[in-house]
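Here come two complexes built around chain A, the first alongside chain B, the second alongside chain C.
Let's look at the complex of A and B:
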C-alpha cells in the first residue's frame, strides 16, 4: 500500500485528496454541532447568534438525560464485559486452537459487525418478544453483546497473532498447567488487545441507535435513542449539548484505546 | 570464562550430585496426514550424555524434540525416561527443561521473575525461590540483572537467562532447539563452552538440536544425523566423521569427495577394489560386505598432492580451483577421467608455493582413506 503510493505520486495525491474530501464531508458536520451547543437561541440555527452555557445547564438538569446516561452505562458496561469475555475466548479458539474450519468460524464471528444492524435488529425483535424480554435490560444487553463481540475478537486476535505461541509452549515446559499458562502468560501478553477491545465495545454500545430503537422501552432508553426521539419533536440546542458530551466521551475513550495500542507497540519494538 | 563462575559452578556441582535421565526412543514416529515428519526411530540417550541432533532444515529435528517435550503427540512409539513411558504425560507434568531458539522469555516479567516462574508453578516457598534464583543468576553471570526486563538484555544474556530458567528446577533432562541460532559467530562459540560447563555442573542429560555441524561436533558426546525424517546414524563425532555409514552422513559432517561405485572388482576382508562410474579403479576400505551402488568417500585432508606414487591410489589431474582459507589451502582437482572433481585440503605454510589454476598435479590417497559407504 505504502509502496504503491510512494511509487506513483499521482496515487499519493489521489489518496490525500480523497482523505480530505472524507474529512470535509464527515467530520465538519460533526464539528458544526459544537458552536450550536453554545447557542443563545432556543432552536438549532447556524451560525448561532450568541454564546451561552444554558443548554449544557439544561442538559445537566434534565432527568430524562440523566436516566438515559445511566441506562447507557448499565447496558454498555455489562455488554462490553460479556463481549470481552466471549470475544477473547473466541479469538483464543480461532487463533490458537486446532478446530477445523477456523477461517469460516472467524468470518461468522465478525458477521454481526459487517452486516447492517437493521438486519440484526429485525431478526432479534421477534425473538425477544417470544422470550418475553423485549424492552428489558437483558434484551438490549444481549443485542449489544452480539455486535460488540466482533470488536473484541478482532483486537484480541491481532494481539495473539503479534507473538509466536512459543511463549505458551515455554510456560508449559516450565510446569504451568493450561489455566496457569493462560493466567500468567497469555493474558498479560494480550492485555492491550483486551483493554482496547473492551473500550471499543463499550463505545460502540454507548453510541448504538438502531438496536436500541427496536429493543429498548422508555424505561431502558439509552442516550442515542433519547436524542433520536427528541429530534423528532423538539429541535432545541440541548440536543447539540448532549451530542457534544457524547462525542467528547467517545473521543476520550478512543484516545485511551489508541494510547494503549501505541504504548504496547513501542514496547514490542524495543523488545524485537 | 572467569574464575568466579568456575567457583560458582563447582559449588553447585558439589551440591547437586545427581545424574541425568536415560531416554529411550522406541519406534517413535510422527506423521501430519500424508506428510511423514518422523519415521519410526529407535535410539537411546545415556544418563548425563550430551546428545546433539543435526540435519538439514525440515529433516524432523524439531518434531523429535517436540515429541519429547510433549507438544507433538507421536503417531506411534514410546519414549521412556528412566524406564517410564512419558508419551501420555502432559508437557507441564514432564519436568524437563527446554530452551528455545528465540529464548521465549516472558516480556512482561523481569529476569528474576522469569527464572522464578517454574518454581512458582511448583509451589516452592518465597524464601527458597529467592535463594535459588539468586544462585542461578550467579551461575549464568547475571547477578545484578535480576530486576531488568528481558528486552533490556543482549542476545547472549537473554540466552543465559533462558538457560537459567530451564535449569532452576533441576530437571534431569534438558532439551534445546537451536538455542544459539540467533547469536553471531563469536558469541555462539563463547556460549557453546558455557553451555557445556553448565551441563557438566547440572549433571543433566541434554538433547540439543542444531543445524551447525561444528557446534554439534564441539559440544556433543554423540551426534544423531537426521535426513527426511529418518535417523541416518548416531555416533560419537569422531566415529561419525571417520566412519560414516552413508554418503549423506559423510557429506553433511565435514567435507567429502563422493565417487559413485559401479562395480566391485574384488574384496578381501576389509580391503576392496572397485571401479567407479567414471571408470577409475580404486583401492578402498569397507566395514561390511561391499555392495554395488555404494560410494567411495575421501576426506579432503587425506588427499596427498605431488609425490603421490607411494599411495595405493594415485592419479594425475589438473588444478581447477584454488581457495585459501585461514590456515589451509583448498584445491579442486579434475582427474584424468575428466569426470571426477576431487577436493583436497593441505595445511598452509609460508614455505609452500601455491599451485596455479590449470597446473598438472599428481594426487593420491591411501587405501585406508578411501571409505566405501553404502546407500544413496
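Let's look at the complex of A and C:
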C-alpha cells in the first residue's frame, strides 16, 4: 500500500493510533488485577496503598481454594481426556468418512460450544437429578465433556485437513490394516491437534461457571464457582491473588499449546 | 486454492477437493457411535426436555410464552437483551475493523505483540475479566478516581447501575471474537487488487469502499453473527455489572434456581435456543462461503 502511505498519511496514522487504543482497552482489565493482588489493604483501592504478600499467603492457606483447585483438576482432566477421545473419533469420521449429512453431524457436534450454556445447564439439571448424579463428579464431568468435545473436534479436524488422505492411502496400499494405519500414520500426523485440543478442553473446563453452578455441590465446587461465590459475597484482594495465580497457570498451558503448534509447523516446513 | 480452516473448523469445500475414487476409511461411520450417543443423551435429550417443559406448568400450552410477553418486566428483559446484543455487535465491529486491518498488514515482532494482546484476553476467564472491570468501573473505582480527581466531573459515574458498565465489559469480552474472523477474511484479500485499483486511478477511499470492504464482508458477517449469538447468552457480566439491568440468561437462572419456576425458565430458554440455533445455521452457511480466507491459526 505504498500509494496509501504516501497520499493519506493522516488516515494511516489515525488507524494505527485507534488500533493502539483498542489494544490497550483489551489488556487493561487483566493488567489492573496484578498490582491489586499485592495490596496491603483489604479494600479495592487503586493504586494500592502499600505492598504485601498477605493475599497470596491467604490464598495459599485457604482450604476452600485448595479443595476447589483439586476439584477442578479432578473434573477437568477426565472431562478433557474423554472429550479428546470422542472428539478425535468424531473428527476422523466426519473429515475422513464418506457419510451422508457430514455437515449436519459436524454442526451438531459444534453446537454445544455455540449455544448459551445456561440452556444446557437447565436441561441437564433435571436429567442428572433423575439419574441420581446431581452434585457428584460424574454429573459435572459429563456436562463438561459435552461442551469440550467441540474444541477437540475443531483442532483435530483442522489437523486432518492439513494433509491429504493419500498418506493413509499409501499405508493401506502397502498392506497396513486400518488400526495400524491409524496408529503409525494418522496419529503421528494429528498428534499436535490432539494435544492442543486436550489443552483447550482442559482450560475450558477449568474456566466453566454456569454448568458448574447447576451441577456441582459444595463438595464438588470448582474454582470458577468459588470465585463467583466470593465475588458475590465480598471482594477482597484474595480474589485478585487467586486470579493472578490462575492466569499464570492458564497462560503457561496455552503457551505450551502454542509452542506445540509452532514446533510441528516448523518441523513440517523443513520436511516439506 | 490454499488450504483453509476457519475458526469453526469447517471447510466442506477443501474436503471435497480430495474426493477420489477410493477413500481411506470408507466405513468410518462406526466411529461416530460413541460421540453421538453422548451428544444425544446429554445434549439433544436435555434440550428437548427444556422445550417440552416450556409448554407444561399449571396451565399447559402457551401460558408461559403469554406470560413472558404480557408481563412488562420479562418482556422488557427480552427486548433489553436484544438491544444490548445489537449495541455490543455494532460497537465491537467498529472497534475491531481498524484493528484487524492493522494486524493483517503487520509483520514480525509487531504482529506477535498485537496478536498476543488480542489472544491473552481471549483466553482469560470471563469471571476474571469481569472482576477487573468491577475494579475499574465501580463507584470508587479507578475510572471515577481519575475523572473526579482531574476535575472533569463532580459526582462519580454510576456505571454499574445503568447497564453501561456491563456494555463496556461485554464489548471488551467480545472483541477477539470479532477481530479473529475479520483477520481471517482480510488475510485472504490479495493486495494486488488494491494496487490495481490504485493504478486505475482510485483514491484510497474509493479503493477501500469498492474493493477492500466488499471483500472483507464475509468476515464481517461471520464475526457479527458470532458476537450477536454470544451476547444474547451472556450471564456472568450482566449478573455482576448489570445492576438493575438484567439479561435473559440471568433471568433464566433466577427463575430456575431461586424462584423454582421451571416452566417459565424453560420457556425463556426455548426462546433463546430457537434464536441462537437460527443464527448458528446462518453462521454455518457463512463459514462455508468464507472459503477464501486464511486460517486463523496460520496467522503467525
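Methods note: the second predicted complex is superposed on the first by the 246 of 272 C-alpha atoms of A that agree within 3 Å, B and C clash if a C-alpha of one lies under 4 Å from a C-alpha of the other, contacts with A are read in each partner's own complex, and residues count from 1 in each chain.
Basically, a contact is a pair of C-beta atoms (placed from the backbone, for glycine too) under 8 Å apart; a residue touches a chain by one contact, two chains touch by 3 or more.
The model shown is predicted, which means the values in this text are computed figures rather than measured ones.
Trainee: With the two complexes superposed on chain A, say which partner A:93 touches: chain B (first), chain C (second), both, or neither.
Mentor: second
Trainee: Pick one for A:164: touches chain B only (first), chain C only (second), both, or neither.
Mentor: In the superposition, A:164 touches chain B and chain C alike.
Trainee: Could you tell me if A:129 is touching chain B, chain C, both of them or neither one (first, second, both, neither)?
Mentor: neither
Trainee: Looking at the overlay, does A:259 come into contact with chain B only (first), chain C only (second), both, or neither?
Mentor: It touches nothing on chain B or chain C.
Trainee: Of chain B and chain C, which one touches more residues of chain A?
Mentor: C
Trainee: Considering only touches as defined above, state whether A:184 meets chain B (first), chain C (second), both or neither.
Mentor: First partner only.
Trainee: Which holds for A:53: it touches chain B only (first), chain C only (second), both, or neither?
Mentor: After superposing on A, A:53 lies clear of both chain B and chain C.
Trainee: Between chain B (first) and chain C (second), which does A:172 come into contact with in this model arrangement: first, second, both, or neither?
Mentor: The answer is both, since A:172 touches chain B and chain C.
Trainee: Touching chain B and also chain C: which chain A residues?
Mentor: 164, 169, 172, 181
Trainee: Which of the residues in chain A come into contact with chain C in the complex?
Mentor: 1, 3-4, 7-8, 11, 15-16, 18-19, 22-23, 25-30, 32-33, 36, 44-46, 85-87, 89-90, 92-99, 102-103, 105-112, 114-120, 122-127, 142-143, 145-146, 149, 153-155, 157-158, 161-162, 164-165, 168-169, 172, 178, 181, 203, 207, 209-210, 213-214, 224, 227-228, 231-232, 235, 239-240, 243, 246-247, 250-251, 254, 261-262
Trainee: Taking the complex as given, what residues does chain B use to touch chain A?
Mentor: 69-71, 90-92, 94-98, 100, 102, 104, 106-108, 117-118, 121-122, 150-151, 165-166, 169, 175
Trainee: Which positions of chain A touch chain B when the two form their complex?
Mentor: 164, 166-167, 169-177, 180-181, 184-185, 188-189, 267-268, 270-271
Trainee: Which of the residues in chain C come into contact with chain A in the complex?
Mentor: 3, 5, 7-12, 14-15, 18, 20, 22-26, 28-29, 31-32, 34-36, 38-39, 42-47, 49-50, 53, 95-96, 98-99, 101-103, 105, 114, 117-118, 120-121, 123-129, 131-136, 138, 140-142, 145, 169, 172, 175-176, 191, 194-195, 198, 203-204, 207, 229, 232-236, 240, 249, 252-253, 256-257, 262, 265-266, 269, 272-273, 276-277, 280-281, 283-284, 288, 295, 297, 300
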